[in-house]
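What follows is a pair of complexes built around subunit A, which joins subunit B in one and subunit C in the other.
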Partner chain A sequence: MNRALIRTEGLCKYFFRSSGLLQRREIVIKAADAVDVTARTGETLALVGESGSGKTTLGKTMIRIYKPTKGKIWFNEEDISSIGGARLKKHRQYMQMVFQDPTSALNPRKTVVDIVGLPLKIHQSSSRAACRARVRELLEMVELPADFLYRYPHALSGGQKQRVGVARALALNPLLIVLDEPTSALDVSVQAKLLALLEQLRGQFKLTYIYISHDLGVVRNISDRTVVMYLGQIMEAAPTAELFKQPLHPYTKALLSAIPIISDEEQDIIPEEITLNGEIPSPLDVPPGCRFISRCQEKTSICKSKEPRLIEIDNDHYVKCHQCFSSSQQTPEEVATQCP
Partner chain B sequence: MTVLSIANLKIHFDTIDGTAKVLDDVCLSVNEAEVVGLVGETGCGKSVTAKTILGSLPMPPGKVPDGKILFFCDDLLKLNKHDRHRVMSEKMSYIPQDPMTSLNPVFTVGEQMGDLIRWQGRRRVGPLEFLGLRRGRHNAVAKAVKLLDRVEIPAPKEIVRRYPIELSGGMRQRVLIAMALIGRPSLLIADEPTTALDVTIQKGVLTLIEEKVEEEELSVLYITHNLGVARRLCNRVYVMYGGAIAETAKTKDLLRDPIHPYTCGLISSIPKLTGDEFKGIDGRIPDYIDPPTGCRFHPRCPQLMPICGQEKPELIEVKDDHLVACHLFSRGGGR
Partner chain C sequence: MEQVLRRKQKGNLARAFYRFKKNPLSLVGLSIILVMILIAILAPFIAPYPGDSAGAVHFKQMFQPPSWKHPFGTDEVGRDVLSRVIFGSRISLMLGVVVLFVAVGVGLPLGLFAGYLGGKVESVIMRITDIFLAIPPLVLALAVTAVLERNLYNSMFAIAFTWWPWYTRLAYGETLSKKEEDFVEVSESLGASRTYIMFREILPNMTSSLLVKITLDMGYAILVGAALGFLGLGAQPPTPEWGTLVSLGRIHLPKMWWLSTFAGLAIFITVLGFNLLGDGLRDFFDVEVE
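Showing the complex of A and B:
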C-alpha cells in the first residue's frame, strides 16, 4: 500500500450567513462535516454522491480553494489546513483542479496560450518564449494540435476545451489533481477518449487523482477506491471493485440499482431494485441520528437516536450504518475506528 | 396503427456562413401504444426533429425544403396555423428538457396548471371567459391537485400554492409531466426529461413515465442521449447521427447486436459496470454547412470503403425490423 499523499482529519467546511444588527454569523450549511479521507500516492480516489452531497466542496476544501472551518489537512505529512501567503502558494503548485463546466472554466477573452500559460507566469515567472514552448509541449501531451495556441475557447469543442483545462492543470507538474466531473458535459464517445487520456497521463507523471463524479459507470472503470458521500459525510468507502461487488450501505445499494445499464451482464452486478423514499433533504436541516434515515428502508429505532460511526468492517472497507454491524459478528465497540 | 410518421424530412437553416443542412432525409414512425427512442449525441439533430414536429422551430431561419410529417392522417407541414393548433392541442403534448427553465417563475404551480386546464385546446378567449365568468379558477385548481396526485407528488394541495423555485428538480419534472397529461394526448414527445436529474431521482421519473404510458396507452417519442434510459423505457430505438437515421431496431436487438459502425462505437464508448474496456470514436460531429459527401459518418468510420464518400446509403432492412443505413450492407457492399 502506498503512503498517503493527502489526508484529512475531521475536515469541516461550513457556510455562514450574517444576520441581524450585529451581523452575527450563523452556520447555515454544513457542506462537509467531519470528513476523514485519504488519497494515496498514485491512486485514483473517486468521490460519488447525488448533487448536494458535498463532493465538490470537499474536493475544493482539500486543496485549499476553500479555507476549512475545522479539521486538519495533511499534504505530504505537512499540515496545510491553516497556512497562507507564500507557503500556500508554494503548495498550490502541487495541487491542481480541472473544473466541471469547460465553457465557464476558460476565460473567453484569452487565447489558449494565455490560459494554459497563466500558472507558469504566476508561479515560475517564465519568460514569454519559455512559456510558449512549455504550452506547446503541454498541448502535445493532451493530444491537441499546436495551431490551437492562438485560438479562443469559443472556437473549440467541449472535449477540446476540457483538454485545455487538463493542460492547464498539468502546467506546474502537480502531484495531485482534483477532477470535478470533467466529463459530465461531454458525449460518451468524447468522454471515453478523455478518460483514456487522463489514465495515460496518470501513469506517465505518477499523478494522484481525486475524481468527483455522479456517474458510477465511469467511477467503476477509472478509480482504485471509491468514497460514497451523503449530506456532507462519508457513508461508505472501499476499493472500487469490492464496493461494486459487495455494497453494504443501503444508500450505496440504492445508487447502484438506479444506474441505467445497457446489457444483461451488468444486470447481475447491480443489487436488486431498491427505491429510495423522496429526495435528498436540504442540507439546512439534516435529520438527527443517521442522516440517511429519511430515505432508508432498513431503518430501526437505533438509527433515529444514535448517529452511526464510520467503521472498518472488512479490509479497507468502511461503512457508516447501524444495520451493517448487526449482520456482522463484531460489535462497533470491538472494532477500532480509523480513518479510511 | 401508425400515430406519427415522418418521411424524408429535411431541415435547413440559413446562417451568415451559408445554409446549414441539418436534417437529411429523416424517416421515422411511432405506432400506437409504442415507446420509441430517438438516441444520438449532442448536435445530431434529435431536438430539431422534435421541434419540427411540434412546430416550435423558428422559421426563418429554419426551413423545410422537403418532407412530410403525418400525424394520424394530417400532414402537419401542410396544415394552416389554425388547423395545426387544433390537431396538436387535442392529441399531442410535450415534456421539455430543462425543468428549471420550463416553468414560469412568477406564477404558482396551481396557477400555471389551472391556466392550461382552462384554456386547453382553445384558440380564442371569449368575453365571458375573459372576465372569469365561466369555469372558475377553483375548479381548475382542484383538477390540478388531482393531476399532481396522479404523478405521485406528496401533499399536492400544498404544492399547488408553491412557486417553481420552491420545488426540487425532480418535483418540477413531475409537475411538467402532469401538465403534459392534462389534455389526454395520444402522442407524447419527451425531450431528454431526465438529463438534469440525479440517477436516483431519474429512476423515479422513469418509473412514473412507464406507468403513465401503460395507464393511458400513450405513444411516446422519447429523445435521449442515454442508451441505458432507452433500454429501460423504449420498445424500439432510432439511432441518429449527423441529421440522419443510422440504424433502427427493437431496443434489445440493437443493444445486443448493433450493426452500424456508429452504433457499435457508441455502445462501446459507454463505461460498463463489468469493468470491461471502453473506447471512444475518433473525430467530431460533422459541420452542417459543409457536410461530408456520401455517408455523413464516413470521416470517422473505422470500416471505410471507397463508396462511402460518394453515395449516401439508404435505410435498408437487414433483419426482422432491423434497418440500417450503411454501405457495408447495401447492394455491392462489403458483406
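Showing the complex of A and C:
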C-alpha cells in the first residue's frame, strides 16, 4: 500500500452568514463536518454523493481553495490547514483542480496560451517564449493541436475547453489533481475520451486523483477507492470493487440501486431497487442522531438517539451505520484516530 | 506561424465590424460622432472666422440673419455663429471626455475593490456611493459649481463629482457576478495577487458593458455640461460653449432665432449620436454574449 499523499483529520468547512448591524457571524451550512479521508500516492480516490452532500466543498477545502474551519490537512507530511503566504504557495503548485463547468473555468477574455500559461507566470515567472513553448508541450499532452494557442475559449467545444483545463492543471507538474465532475458537462462520446486521457496522464506522470462525481458507473471503472458522502460526512468508504460488491450502508445500497442496468453482469452487482424517499435534508437542519435517518429504510430506535461512528468493519472498509454492526455480528471497534 | 495565428484573431475583429454594420442606426451614430470629432480637431481650419471664437467685436454686422456670408447668422456683437458653434464642439467633447475619464478612473476601481474585497471595504464604499446616488446629479453639480469659481474646469469637476458613483455601481455589480466564476477561483488557488485578479481577470470581462455605458454617458455628460452653461454656472462668455450660447441667445428669442437654435441643434445632434452609437454597441455585445 502506498503512503498517504494527502490526509485530513476532522476537517470541517462551515459557511457563515453575517447578519444584522453588529455583523454577528452565525453558522449556516456545515458543508464538510469532521471528515477524515486519505488519498494515497498514485491512486484515484472517488468522492460520491448526491448534490449538496459536500463532496465539492471537501475537495476544494483539501487543496486549500477554501480555508478550513477546523481540522488538519496533511499534505506530503506537512500540515497545510492553517499555513499561508509563501509556504502555502509552495504547496499550491502540487495541488491542482479541474472544474465541473469548463466554460466558467476559463476566462473568456484570455487566449489559451495565457490561460494555460498563468500557473507558469505566477510560480516560475517564465519568460514569454519559455511559457509559450511549455504551453505548446502541454497542449500536445492533452491532445490538442498547437494552433489552439491563440484561440479564445468561445471558439472551443466543451471537451476542448475541459482539455485546456487539464493542461492548465498539469502545467506545474502537480502531485494531486482534484477532478470535480470533469465529464458531467460533456457529451457521452467526449466523456469517454477525456476519461481515457486522464487515465493515461495519471500513469504517465504518477498523479494522484481525487475524483468527485455522482456518476457511479464511471467511478466503478476508474477509481481505486470510493468514499460515499452524505450531508458533509462520510457514510461509507471502501476499495471500489468491494464497495460495489458488498455495499453496507443503506445509503450506498440506494445509490448503487439507482445505476441504470445495461448488462447481465451488472445485474448481479446492483442490489435490488431501493427508492430513496424525499430530498437530501437541508444542511441547515441536520437531523440529530444518524443524519441519514429521515430517508433510511432500515432505521431502528437507536438511530434516532445516537449518532453512529465511522468504523472499520473489514479491511479498509469503513461504514457509519448502527445496523451494519448488528447484522454482521461484529463488535464495533472504534477507530476514531485512524482514517479511511 | 505565429503571425498567421494572430491574423486569425484580426478576422474576428472584421466579423465584429460586420455585425455592427448590420444595425444602420448605430452606423449613423458612429458617423455623427466621427464627424464631430473631425470638426473639433480641425476647428481652426474649417471655421470661416476663427477669431470670432473668442471675444472679437464687429458691431457693424451684429444680429445678421443667416446668409451665405454667415450661414448661421451673427450674434449681438457681430460674431459669426457658425464659427462659434464649430469651436463649441471642442469644448463639449473635451468636457465629455474629461468627465468620463475622471468618473471611470475613480468609480471603477472603487467598485472593483468593493465587489472583490467585500467586508468593511464594501460597506464603506457602497454606503458612500448610495449617498451620492440619492442626490439628483444636476442638483449636486449645481451645488458644487455654486461653491466654486464659475468656469469650464470647475463645471467639469462638478459633473465628474456626481458621475463616479454610477461606475462604482456598475463595476460592483459586474465584479460580484464575475468573482463567482471558476476562473477567479483558479487564479486564487494558484496564488495570484488580488490586484492581478481584479484588474486582469475580472476587469476585462466588464469591458463591453463599460464601453456601452461610457458611450451613452458621453451624451448625457455633454447635456449636463450644456445645462450648467445655460444656467450660467459653467463656461463663461465669451467661451463659445453650446449651453452658454443657447442661454445668451435666449433673451433675443423669438426674433433673432438663429442665436440659440444652431447651438441647441448641435447639442441635440451630438447627444443623439452618442445614444445611437451606445445602443448599437449594446446590441452588438449582446450578440457576442450568445
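Basically, the second predicted complex is superposed on the first by the 334 of 340 C-alpha atoms of A that agree within 3 Å, B and C clash if a C-alpha of one lies under 4 Å from a C-alpha of the other, contacts with A are read in each partner's own complex, and residues count from 1 in each chain.
Please note the rule applied: contacts are C-beta pairs under 8 Å (C-beta built on N, C-alpha and C of every residue); 3 or more make two chains touch, one makes a residue touch a chain.
Here the structure is a predicted model, which means the values were calculated and not measured.
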> Aligned on subunit A, subunit B and subunit C: do they clash or fit?
Replying inline: fit
>> Quick check on the superposed pair: does A:217 touch subunit B, subunit C, both, or neither? Answer first, second, both or neither.
In response: first
>> Contact-wise, after the overlay, does A:246 reach subunit B, subunit C, both or neither (first, second, both, neither)?
In response: neither
> For A:118, is the partner it touches subunit B (first), subunit C (second), both, or none of the two (neither)?
Replying inline: second
>> Once chain A of both complexes is superposed, is A:275 in touch with subunit B (first), subunit C (second), both, or neither?
In response: first
> With the two structures laid over each other on chain A, which partner does A:191 touch: subunit B (first), subunit C (second), both, or neither?
Replying inline: first
>> Given the overlay on chain A, how many degrees, to the nearest 10, lie between subunit B and subunit C at the CA centre of subunit A?
In response: 70
>> I want to verify the contact counts: of subunit B and subunit C, which reaches more residues of subunit A?
In response: B
>> A:105 in the overlay: touching subunit B, subunit C, both, or neither? Say first, second, both or neither.
In response: second
>> Once both structures are overlaid on their shared chain, how near does any Cα of subunit B get to a Cα of subunit C? Whole angstrom is fine.
In response: 9
> In their complex, what parts of subunit B are in touch with subunit A?
Replying inline: 41-42, 154, 168, 170-171, 198-204, 206-207, 225-229, 231-232, 255-256, 265-267, 269-275, 278-282, 284
>> Going by the contact rule set out above, which residues of subunit C touch subunit A in the complex?
In response: 1-2, 5-6, 8-9, 181-183, 185-192, 201, 204-205, 207
> Mind pulling up the subunit A residues that touch subunit B in the complex?
Replying inline: 50-51, 157-159, 187-193, 195-196, 214-218, 220-222, 241, 244, 254-255, 257-263, 265-266, 269-270, 275-276, 278-280
>> Give the list of subunit A residues in touch with subunit C in this complex.
In response: 60, 63-65, 88-89, 92-93, 95-97, 99, 101, 104-110, 115, 118-119, 122-123, 147, 149-150, 168
